[in-house]
Each structure stands twice: as C-alpha cells, then as structure tokens.
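Below are two complexes that have chain A in common, paired first with chain B and then with chain C.
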Partner chain A sequence: MITRSVAIGVPLLAAILFPLVVDNAYLVSVAVTAYVTAIAVYGLDILLGYTGQLSLAHAGFFGVGGYAVGILTSDYGLSFWSALPLALALTALLGHLIGLAALRTRHDYFAIFTLAVGVMIVIVIERWESLTGGTDGLIGIPAPTSIGPLSFASLNAQYYLVLAFLVLTIYVVWALMHSLVGRTFLAVRNSEELARAVGIDTGRTHQLSFVISATLAALGGALYATFLGSIGPDVGDVPMTFNMLVYLMIGGVASLPGPLVGTILIMGLMQALTAFQEYSMMILGPILVLVVIFFPQGLAGQGRVLANKVLGRSGDA
Partner chain B sequence: MTLFLQQLVNGVALGSVYALVALGLTLVYGVLKVPNFAHGALYMMAAYVVYVALTAVEAPYVVAIAAAIVAIGVLGGAMELVVFRHLEGKTPVHMMIAALGVLFFLEGTADVVWGPDFRPVPTPLDGVVSAFGVNITEQRILVIVAAVATMVGLYTLLKRTLVGMSIEALAQDREGALLVGIDTKRVALLTFAISGVLAAIAGSLIAPLVLVFPLMGAVVILKAFVIVILGGMGSVPGAIIGGYLLAIAETMAGTYVAFAFSELIAFALLVLVLVFRPTGLFTKGT
Partner chain C sequence: MLEVRDLRVRFGTFYALDGVSLSVKEGEIVVLLGANGAGKSTLFRTISGLHAPAGGAILLEGQDVTRWPAHRLVAAGIAQAPEGKHLFPEVSVGKNLRLGAYVRRRDVEGVRSTMDEVFQLFPVLREKERDAAGTLSGGQQQMLAIGRALMAKPRLLLLDEPSLGLAPLVVEEVFASIQKINEGGTSVLLAEQNAHAALKVAHRGYVIEEGTVSLSGGRGELMGNEEVRRAYIGI
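For the complex of A and B:
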C-alpha cells in the first residue's frame, strides 16, 4: 500500500513541480508534447498490450482528432470544450467503421490493413485542402477558453490542463484493466479460441478495444493541436505511429507506467541529444530489435522483475 | 489503341518490379512466417549500390547489378542471422516490430550516408525501340526480360534443386523438415539471402528509371504487401500474378481516370480483398 502511494505520489509531485522548478518555457512545452503523445501511446497499448493487435493507423486517428478540434474551433467558432467531445465522438465513429472492416483480420494482416488505412488517412488530409489546408496544415487554432476563474492562456496553465488529461487517461486505463472488460481483453489476447469457448464475444471485444484505442489517440491529437496552435499532415502519418510504437515497446507493453515511461524517456533523450538527431533512426532501430528479442516486456517489465527480486529477497531475510 | 498498348507495356515493366519485390516478401513469409517490413529497405539499398557503382565508381551497369545482388543478398542473410533467427516462435506482431526496427536502421543509415535528397541515376540503356507505334525504352525491355528470367530461375531453383525442395519442405512443415534431416537454420538463412537477391534485382533494374532516396522502399513495400495479400501470403504464383495485375490496374487508372486515383487503387484493392476474401485470391479457401 505504501509502495503504491509512493509510486503514484512521487512522479505526480514531480510533474506538478516541474514547470515551477525548471521555469523554462521550452522545456515545459517539450513536456506538454510528451504528455499528449503519451496519452495516444496509452491508446496504442490498449490495443497491442491488452488485446494483442498492432494498429499502424494509430497516428492517423491522432491526426483526425487534432484536425477535428482545429477545424471545429478555428473554422466553426466552437469553444475547445464543446469541440473536444465532438472530435472524440467523430474519431470513435470513424474508428468503429474502420474496425468493422479491419477486424475481419488479425495479427500481421491486421497490421498491414491498418497501415493502408493510415496511409489513406494522410492522403485524404493532404488532398482535402478546402477543409484541412492540405500540406500547409491548419494554423491559428485557439487555446482553450477559460472555465470560470480558470484561464488557460499561460503556458503553465496549459501544462497543468494537459497533465490533468494525462492523469485522467492513466486512471481510465487502470480502471478499465481492473474491470471485467479489461479481463476480457486479456483473455482474448491470450487465446481467442479459449475466450470464445468461455462465452466471450471476441469480435465485440476487439471492436471495443479498437474504438477505445482510436479515441485515446484522438484525445492526444486534439490536445496536441490545441496546445501547439497548429497541426500538419505529418502528425497523422505512419512514421509517427512508428515513433509511438518505439515509445511503447521500450517503456513496456501491458503495464500501466510503460507508455508514460517510454514516451518521456525517448522524447526527453531526443531533446537532450539533438546533436545526434540525424542518427536517431540508426540508433532507435537496433534498440527496438534488442527490446523485442531480449526484453519484450520493456523497461516496465524489467523493473517489475527487478522489484520482485529485491522485495522477494528482503522478504526471505 | 496505341496509348493503351503503350500503357500496357509500361504497366508490365512496373509489374515486373512489383512482382520481384513481392516474391521476396512472400517467400520469407511463406517459409518463415516473418512479415518482413524491412524488405523494402533492401530494395532501396540495392538502388543505392547501383547509384554508387554507376556514379562514384563509374562501373558498367552489369557490374553494378552484380554488386547489388551480392551486397543485398549478404544483407538479407545477415538480417536473418542477426535478428530473425532469435525470434523463432515469437508472435507475428513481434516479428513485425523487429522488422520495423531493421527498417529504421537501414533507412536511417541511407539518410546519414547519402542524405534525404532524391538522386537521379544515369541511364545506361537510353535507346528506344519502336514497334506497332509503341515506344519502349531499352531499360524497360531489360526490366521485363530480366524479371521474367529471374522468375524462371527462382521457379527452377524451388522445384528442381535440393536446396529449393528443402525450402519448400520448410514452408510446409518446419518440424517435419527438421525430422527428415534438413538443416532448418541454414535454409532460413538461405531463404532470406534469396529474398535479398530478388529485392536487389528489382532495385537495380528500377534505379535508372526513378529517383533514388532513403524512403523509396516505403511505397513499394506497402504495394508488395497488398500484392502478397491479393495473391495469398506465401504463394509464389500469387505474387507474380498479383504484381502484374496491380501495376497494370495502376497504370491504366493513371491514364484513363486520374493520376491521383492510381495511388489509391492498391489500398482500395486491399480493403476489398481483406473484407471479402482475407486468405487471398489464389489460395484454396479454408
């Protein structure tokens, strides 16, 4: 119980103090970008970690969420607070429709199918210039409007808002995984046939997992577009999905801290080592291979193994 | 009619390249169940080998092709030895993620070595042959002839030699193959090397017709996956027929409908096939 409060309290306190301690607008905005990306990576984990399917259209949904909020706020004059639920509902609907077709396949076929979907989403964003601004993207997306006395004009206020959404996301994922639905996800991942045998509607489980995953991607994208004030088609492109996959695999699939740890660590390293940016793919590629071969559970999984060892030994003594 | 014939020839030339790339992909999938995302990077690397051989070294085109075949064949084998050998028994999704890692590495390497620019490759065969009002560049003729020769060679290798038969045995039943004394590790290595050679032939044939850049494999590999799914994962005839069909459909759509439409054809086909016949068009239904 104490370990749990420490495990939650310390990082949370660090996150709350971060903008006050560093007092550096650039670093705070890097953290904001990392948090919104982490929200989307949690979405990827719902699918890959908990139901065992890899969607390569994930960044596409991130892009759709971002563009939806951007268009609704800047072109239709909606406030962020009414645009966000609309954007999420829209992406969930799109995810549902794509899922109906995509989930006729599994595993590698599913990944290839969603890869094609991801490419198509980017083509549509680039070609539908009247709506999306084409390759130039959307600019001038307004910051969230104030709620009563809470204003989100300053960077720090935006940081805390994104942090709140991140905490909410982690809580939702935690609650989901400790619910019957979450157990159903794991049952389907471990053996679809066995799950079906005990009466689980595996098709609906996959569908639900896909829609939740797409919606979390859209939430990340919507926050990204709002806090950067602009969005371009690159954000929804397949290489972005690959980045998210790297964060997730290194952080650790199917673990609550995994997506956050991986995203912050790798994005942080990228920022720290800008001199090596040119070599980033050359370095990340082999790391990804090593993770898959030797540490398929990622850093979080290794941490758990380590913690069990330490705690187990102290228990013996 | 002339336009139709002209485009048909262009489609067949493009289809030859698609089919070669798809063959390497389907071979590795059929034999080792590895959905090799890095296969397009082998094709890209081959194009760079030809680029370097023709520009920096000023070697004859034949030598450039031979260099690409050797280098990329070795690279393909190395991929198996270093990465995929250690993933036996893992899920297809794990193999796919590892393949993405290899893809990042190769694309990143090309980007560091040659930069992100699009580079033109000199055209060694710049003559044009005219027949029935159709103009065909000699390079396109070479693409078609060499691709067909490669396919015949591959077929002979798979059906008539001991090596080929052990590859087929592995595709049918890995444990069974091991049981009758086939060195499955060596065959796996060889299969990857052959797939590298196929990618190398495709990449070195196409290089003089296109611009070479680090991400040139990304588009082609996506199409190759579509072809392989169309033809059925692991099916050699499926990859060949699928490659020509897709390329001809694309060229015709680009000519008679709109260019923008041609790049969507592959994806539209993919969606249709996966929805209505997920096991591919040329496999027996399960």
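For the complex of A and C:
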C-alpha cells in the first residue's frame, strides 16, 4: 500500500511542481506535447497490449480528433468544452464504422488494413481543403475558454489542464483493466478461441477495444491541436503511429506506467538530441532493438519485474 | 437433450466429420471413443460453435442451434473444457473461474454460490485461488478447466480428453469428480482415448473412426466388444 502511494504520489508531485521549478516555457511546452502524445499511446496500448491487435491508423484518429476540435472551435465558434465531447463522439463513431470492416481481419491483416485506413485519413485531410485547409493545415485554434475563475490563457494553466486529462486517462485505463471488461480483453489476447469457449462475444470485445483506443487517440489529438493553436496533416500520418509504437514498446506494453514512461523518455531524449534530428532514427532504432532483446516487457515492465523480485512477490495479472 | 444429426464438417476437400449422428439424453454421461484424428475434437468444436459445419444439424432440447455463435451456446447451456487444459495461464485461479461465469456476470449471488460448489468439488482450487493458473500441476489445471466450465452453470458439459497427460491416480480422481458433477444433474459428453477409465463412469458410448460413428452402445456392450477391447482398452 505504501509502495503504491509512493509510486503514484512522487511522479504526480514531480509533474505538478515541474513548471514551477523549471520555469522555462520551452521545456513546459515539450512536457505538454509529451503528455498529449502519452494519452494517445495509452489508447494504442488498450488495443495492442490488452486485446492484442496493432492499429496503424492510430495517428489518423489522433488527427481526426485534432481537426474536429480545431474546425468546431475556429470555424463554427464552439467553445473547447462543447467541441471536445463532440470531437470524441465523432471519432468514436468513425472508429466504430472502421472497426466493423477492419475487425473482420486479425493480427497482420488487421495491421495492413488499418495501415490503409491511416493513409486514407491523411489523404482525406489533405484533399478536403475547404474544411481542413489542406496541406497548409488549420491555424487559429483558440485556447480553451475559462470555466468560472479558471482561465486557460497562460502556458502553465494549459499544462495543468493537459496533466489533468492525462491523470484522468491513466485512471480510466486502470479502472478498465481491473474490471471484468478488462479481463475479457486479456482473455481475448490470451486466446480468442478459449475466450469464445467461455462465452465471451469476442467480436464485440475487439470492437469495444478499438473504439476506446480511437477515442483516446482523439483526446490526445484534440488537446494537441488546442494547445498548439494549429494542426497539420503530418500529425495524423502513419510515421506518427510508428513513433507512438516505439514509445509504447520501450515503455512497456500492457503495463500501466509503460506508455507514460516510454513517451516522456523518448520524446525527452529526442528534444535533447535535436541537433542530431536527421539521425533520430539511427538513435531510436538501436535503442528499440536493445530494449526488445533485453527488456521484452519494456522499461516499466522490467521495473515491475525487479520490484517484485525485491519485494518477493509472485506475479499475478 | 443434445441431438446431432448427420453432421458434416469439411476442411478444404477433406471431410473431418462425414455424417455423424449421436445423442445425449438428460442426466447421461456419454463417451466418444476414437483414436487421434478420428474427429472427436472437431465434433466438439462444432457442437460448441467454434467451427461451422458443412451440413447436418445440432439440436439442443429440440431447438436448432446449428450455426449459433459460441457465446450464445454457452448462455444456452453448453459449456466445454477444451482439450489440453486450456487456461488463461497468467491469470489467477479465482479470476479464471470468474471468467467462466462471464455469461452470468450480472448474477453476482449465483456466481458466488457456483464458485463455492466448484471449491467443494475441487478443494485444492480454493487453496490456490490467488495463484496464477500456469503454476498449477497438470491435474489441478484439468480440475480448473472443468471448474471453469461449471461456472457457466451448463446443462451439458463437453469434456475433451480430460485424462490427457495425467497420472493414473489423478485420472481416477478427475473421473470421480465427473461422476459427481453428473449426479448433480449435468449431462456430460466426454471424448476420451482412455476407454478403460471413461467406460467406468459412462452410461453409453460411441466409437468414432475416420469421421463417422462405427459403433455405439451401452457401457457393458462396449466393454465386452472385442474390437473396442483390442483397439482402445488394450487387454
């Protein structure tokens, strides 16, 4: 119990104090970008880590969420607070429709199918210029309007807003994984056939997991667009999905801290190495290979293994 | 309660089941004997909705359930413990059992009392409730697989090779519990290669060879049959 409160309290306190201690707008905005990306990476983990399917359209849903909020706020004059639920609902619906077709396939075929979906989403964004601004992107997305005395005009206020959404996301993922629904996800990943034999409607389970995953991607994208004030088609493109996948693999698939640890670590590392940006893949590639060989459960997964060894516990999922 | 009529299952051009008919009556233990590859597992997979048949019909208490999806069949009262003690190995024994009750998940009280019944049947599972299922011995895993199937409160229990890979003493223990389950009112359809152990508890049996029923009869008839003795009992 004590270890758990430390494991939650220390990082949370560090995150709360971070903008006050560093007092550097650049670093704070790097942290905000990492947090919104981490939210989407949690979505990727729901699908890959818990039901065992890899969606390469993930960044596409990130883009859809971002564009939806951007268009609703800048072109239709909605406030962020009414645009956000609409954007999430829209992406969930889109995810549901795509899932109906994509989830007739599994594993490699599902990845290939969603790769095609990811490419199509970017093409639609680029070509539907009247709505999305095409390759120029969308600019002038307003910051969230104040709620009562809470104003989100300053950078630090936006940092705390994004942090709150991140904490909420982690809580939702935690609660989901400790519910019967979460156990059915694991059962499906473990063996789809066995899951069917115990009476689980595996089609519905996959569908639910895909929709939740797309919705979390959209939440990340919506916050990203709002925070930056602009969004371009690149963020919805397939290479972004692969970045998220790298964060997830390095952090640890199917572990609660994994997506956060991986995203902050690698995005932080890339920022520190901006001078070598062109070589980023040459740096990331070997790191990924080493992690996969030596820590197949990712860094956070490895941390849990070590902690269990030290505390003498046996593993129980 | 279960009637299978002229069931045909095809893999490509090969008929794994070529016109199988059999029945299980209320309260019976029925055993399917047959060598590896005779089609026993395919028959089970088809009855439980994991494989679509090419022809024939499956009736559960007179209702045609031939192309029902697996989860609907579990809810209708057919639960199975698949071959090779399939479990969710990283998940604890208790959670494996609760997953078995997935189709009754809203009936919290009922699930708890069924779990007590399973623990009474297999006390060792209560002791290991918090252990990961993968850490159990072979016999315990088989008990867990059966217990998990019971959690769905089936009227018909399908058991595919429950003796597979178990020591003789454990086999006896498992079959004794199958008999107890049956006395509690659950009909059982059992696929076995260990004819000796299976025929001790079964009321009737069928012999499956190359995808068809080659022989059927009561326990005594099959026990006394020369062919069965030579091929499946080995004495």
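Heads up, the rule we're going with is that the second predicted complex is superposed on the first by the 308 of 317 C-alpha atoms of A that agree within 3 Å, B and C clash if a C-alpha of one lies under 4 Å from a C-alpha of the other, contacts with A are read in each partner's own complex, and residues count from 1 in each chain.
Here is the rule we go by: a contact is a pair of C-beta atoms (placed from the backbone, for glycine too) under 8 Å apart; a residue touches a chain by one contact, two chains touch by 3 or more.
In this text, all values refer to a predicted model and were calculated from it rather than measured experimentally.
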item: Overlay on chain A: chain C relative to chain B, clash or fit; value: fit
item: Touched partner set for A:109, first chain B, second chain C, both or neither; value: first
item: Partner chain in contact with A:18 - chain B first, chain C second, else both or neither; value: neither
item: Contacts of A:295 with chain B and chain C, given as first, second, both or neither; value: neither
item: Partner chain(s) touched by A:249 [first = chain B, second = chain C, both, neither]; value: first
item: Dominant contact partner of chain A by residue count, chain C or chain B; value: B
item: Which of chain B and chain C A:184 touches, first, second, both or neither; value: second
item: Apex chain A: angle to the C-alpha centres of chain B and chain C, given in degrees as a multiple of 10; value: 80
item: Which of chain B and chain C A:160 touches, first, second, both or neither; value: neither
item: Lowest inter-chain C-alpha distance for chain C and chain B in the superposed arrangement, angstrom; value: 6
item: On chain A, the residue positions that both chain B and chain C contact, one per complex; value: none
item: Touching residues on chain A, where the partner in the complex is chain C; value: 180, 183-184, 186-187, 190-191, 193-194, 196-202, 314-317
item: Contacting residues of chain C [partner chain A, same complex]; value: 48-50, 69-71, 74-75, 79-80, 82, 86-92, 95, 98-100, 102-103, 105, 130-132, 135, 148-149, 152
item: In the complex, chain B residues that touch chain A; value: 35, 83, 86-87, 90-98, 100-109, 111-112, 222, 225-226, 229, 233, 260, 263-264, 266-267, 270-271, 274-275, 278
item: Chain A residues within the chain B interface of the complex; value: 48, 52-54, 101-102, 104-105, 107-109, 111-113, 115-116, 119-120, 123, 127, 242, 245, 249, 278-289, 292-293, 296
